[in-house]
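What follows are several structures.
Two complexes are shown next, each including chain A; its partner changes from chain B in the first to chain C in the second.
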Partner chain A sequence: MKKLKSMFKIHRIFIAQEFKRMMEYKGDFIVGIIGFLMIQMSNLLFLWIIFSQIPNLLGWTVNEVVFIYGFSLIPKGIDHFFFDNLWAIGHFTVRKGDFDKYLTRPVNTLFHVLVEKIQIDALGEILTGIALVCITIPKLGANLNIFRILIMIVLIPFITLIYTGIKTITASIAFWTKRSGNIIYMFYMVNDFAKYPATIYNRFVQNIITYIIPFALTSYYPALFILRGENSLFNLGLPVLAAVVLMGFGILVWHKGIRAYESAGS
Partner chain B sequence: MIYVDKLRKEFKKTIKDPGLKGSIKSIFKPKTIKVIAVKDISFEVAEGEILGFIGPNGAGKSTVIKMLTGILTPTSGSCTINGKNPTENRRNYVREIGVVFGQRTQLWWDLPLRETYSVLKEIYEVPDDSYKKRMAFLNEVLDLDSFISSPVRTLSLGQRMRADIAASLLHSPKVLFLDEPTIGLDVVVKDNIRRAIEYINNQEKTTVILTTHDLEDIELLANRIVMIDKGTNVFDGSISELKTKYGQFRELYFETDSPNPVNILNYENHFNFKPDELNIKAEGKTVKLSFNSSIVPVSDMLSYTLGKINVSDISVKDADIEVIIRRMYKHGENL
Partner chain C sequence: MKRKLKIYLPFINAGIQEVATYRVNWIFYMLGNALACFVSYFIWKAVYSSGGTDTMNGFTMSQMVVYIVLMFLTSTIIASDGAWVVGEEIRDGSIAMRLIKPVSYNATFLFQELGNKLPTEFALAIPMIFAVEVIRTTMSGEIQFSILGLLLYILSCIIAYLINFYFNICFGFIAFAIKYLWGANMMKNCIIGFLSGTVIPLAFLPDALEKLFLFLPFASLNYTPIMIYMGKYTGTELLYYLGLQIFWAFFFFALSKALWKAAVKRLSVQGG
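Presenting the complex of A and B:
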């Protein structure tokens, strides 16, 4: 308990440091905010153009498709916001030997890496996601009761862990190969499939995004329950199970990787 | 305090043929060889001791330090520090050690230096009152006050090194690992840092393990030297032991009016010195030479020199540790 408390404290301090860091370079920060708002607006415009052209998609109404799309952005954005630092592990931290510093501090290395940085850009995904979900919910009608919305909210942290878990596993590969940025990227980008109902893909792709790189579990399957009340055991159980298994496996691979870490000459 | 027993580290290295073709070939048919970076090294360090850990580039010093600090996992052998094994109980262990890698920094690059200390305070869970006392102490020893509000990226190398050493000492570690703490610093800063290390070692009985290429660091600070080369231990003992064991070298210094004294004297031929037994530096009127006194006694050298040319000033002294170590680096263990 005491440990958990000190972990939260460290997390809070790291985030505060990150904000101070951003403020240190005010010009960059302000331009960043402006750029970020422009990107978000163009994204929304683009979505609106696409969805206004498709009245329905294989039996999914526009509102349902937009809900799936919007909901998929929330956990993705949360992971992106808090745990973006894993990319650095894959790209250069291990290769350049900068991982040394984590190993000389009395903090769990994975925890330290995860909470050390935040990615402010990700607020765009989170806000867009929340906006799309909030806009579509009233239009989705009678099926959506408060109970299902609560389930949806409870599910978000688990789904976030699916992203974090997959990134942890792929980033850990760098401990052996020195560099795994492209591997993280390849796996991470599969999540683009998850923004739409999985039934629009062929069986092969469906199986991959359900069981292998299970990004369909991040939005489509939960939506089956939230929107239509279908098969709660499968549609809710599988994402939770996947989150636990992926994150657990990620932690395991990470700690195995540390033993193989070779640092860099100095 | 520190027991290192047959510590060994092997790396797998992929061998590539040169050029793009070689790189592509190695993707499909990787050839790996085993490189032994550290070969069964053993030594001990007592509490409160300052150990100079030296060796030529690539000898395996950093690899040993990284195993002792829990960064690298040894292939075999063991090290125990304060009764703890660095890789088995890492988080618990690193609370008791401080680490500085002169080539890297653990400071928060974009923020004022002060921020680094306030984060490290939380990471190491230093209570408020001891933190205040500690910062006052470190400020006194390392003189941080003048730049503690500046962003780390604006610090000079000397300031950064002092700040890094302070960062490693914030949690009052029992053992301090310093990997090239004086690299690239000017003489004044070097001197400051040496005095700080000495003071902390004195005040708090902190055990210090120090790697460096600056032998003055070693001469001024270290009680003992462990020297490694090609991953094996080649010397373990005090500086005076090093001098008596390998230091039959003497330095002869004189001034003369004779032109071309080195040619006139021609020591090599007269005494039959082998190339590594004699080293001559002549600059205008002054000549400095170091020679192996077990081949030619000092008295012979002196009388020969004085008899041959006109000398206005002459002195003989023990060889610098640098001379000894230069020879050791060149020849490895076969002295």
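Presenting the complex of A and C:
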């Protein structure tokens, strides 16, 4: 318990430090947030143009598709906001030998890496996601009750852990190969599949994004429950299970990786 | 000419060696981008089967598949990261090392990048073009390959690469003023993605927007080469778009020179 308290304290100190840094480069973070906002706008424009040509997408209405898209942005954005530092591990921290500094500190390395930085750019994703969900919810029909919305909110931290878990696993590969940035990138591109209802894909892709690289669990399945109240055990249980398994496996691989880590660079 | 080639050949060589070092990394990067193509494929397939028509804005489903594959290939061929290099070199001062050498600043980048790209481009282009032809032939039932189309596509890609290269150099100088290259670059990619038809073929936009975007330099990057390969531009239209590409290439070439002159005047490097 005492340890947990001290961890929170460390986290607070790191975040305060980050805010100081950000205040110094205000322009940077405005540029970053606008950049991420623009990416979302471009995706929405794409959806809007497509839906101006067709009545629905294989039975999905524009509001449902936008809801799934918006919902997928929230956990993704939260992971991006808090745990973006894992990208740096994969891209250059290990390769340049800078990882040594974490080993010399009296806190758990993974915890240290996770809390060290926050990525304010992610607000562009989180805000768009929240806005889209709020705009589409009233249009989705009356069978959407408070209970389901509460479940949705409870689910968000678990879904965030799916992202963090996958990122921890792929970043850890750098301990063996010195560099895994593009492996993380590849997994992130799989995440593109999560933007749309999974029924537009064929069986093979559906299985992959459900059971192997489970990004469909981050938006499509929870949305199925929220929108239609379908199959709650599967649609809610699987994301939670995946979050626990992936994060657990991530922690395991990370610590195995640290034992294999040999300092690099100069 | 021969003397020039001798000067810049080592830069090509350095580029080739650079890419050989990070080959595995490159493969994963490409796999990631290929996945994005699959997402596009599925979404368009769903759109076409929901739309109930065979042709949308002049594109059939098989043409859309060809468009997606060609977009992947063309984007890779014309990719240029001059903006990063310029920004980084000004920041860390290594630009000074380029200034003291009797070679053109832009040209050294150009040749280094060519070395970087050539091996990977051949490894990618040949199987991709083959795949496009197989898709086209099986989906439409007739052979549509034209050697002239391919040659014009290659020519158009080369011009497009030069536009992109000089545009990125210009952007690098400007982005340096913004300081946050990552954010600025993201905005740039996002805007270009839309204006160049990467996100959605320009033919799907409202008429007035389509006309405007076709004239802007960004359509010259991806859209023009692809339309040429697909045989959508013929006769005077073809000449017009190739001419427009050449115009934009010269425009950004001249602009990059002007910015370079202005930047060198203001440049101060501390340490080395």
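Simple rule for what comes next: the second predicted complex is superposed on the first by the 233 of 266 C-alpha atoms of A that agree within 3 Å, B and C clash if a C-alpha of one lies under 4 Å from a C-alpha of the other, contacts with A are read in each partner's own complex, and residues count from 1 in each chain.
As a working rule, a residue touches a chain if its C-beta (ideal position, glycine included) is under 8 Å from a C-beta of that chain, and two chains touch if they have at least 3 such contacts.
Just so we're clear, the structure is a prediction, and the values are computed from it rather than from any experiment.
When the two structures are aligned on the shared chain, A:R179 is found in touch with chain C, with no touch to chain B.
With both structures placed on the common chain, the touch criterion links A:S6 to chain B but leaves chain C unconnected.
With both complexes superposed, C is the one of chain B and chain C in contact with more chain A residues. By the touch criterion defined above, A:D98 lies against chain B but remains apart from chain C after alignment on the C-alpha atoms of chain A. By the touch criterion defined above, A:P106 reaches chain B but does not reach chain C. Comparing the two complexes, residues 25 of chain A contact chain B in one case and chain C in the other.
On the side of chain C, the complex with chain A involves touching residues 22, 24-26, 28-29, 31-33, 35-36, 38-39, 42-43, 45-47, 49-51, 56-57, 178-180, 182-184, 186-187, 190-191, 193-194, 199-200, 204-205.
Across the interface of their complex, chain B is touched by residues 6, 9-10, 13-14, 17, 20-21, 24-25, 97-98, 100-101, 103-108, 258-263, 265-266 of chain A.
Listing the residues of chain B that touch chain A in their complex gives 11, 58, 62, 66, 69-73, 87, 90-92, 94-95, 97, 99, 101, 103-104, 106, 108, 110-111, 115, 118-119, 122-125, 151, 179-180. Residues 25, 27-29, 31-32, 34-36, 38-39, 42-43, 45-46, 49-50, 53-58, 121, 177, 179, 181-183, 185-190, 192-193, 195-196, 200-202, 205 of chain A are the ones touching chain C in the complex.
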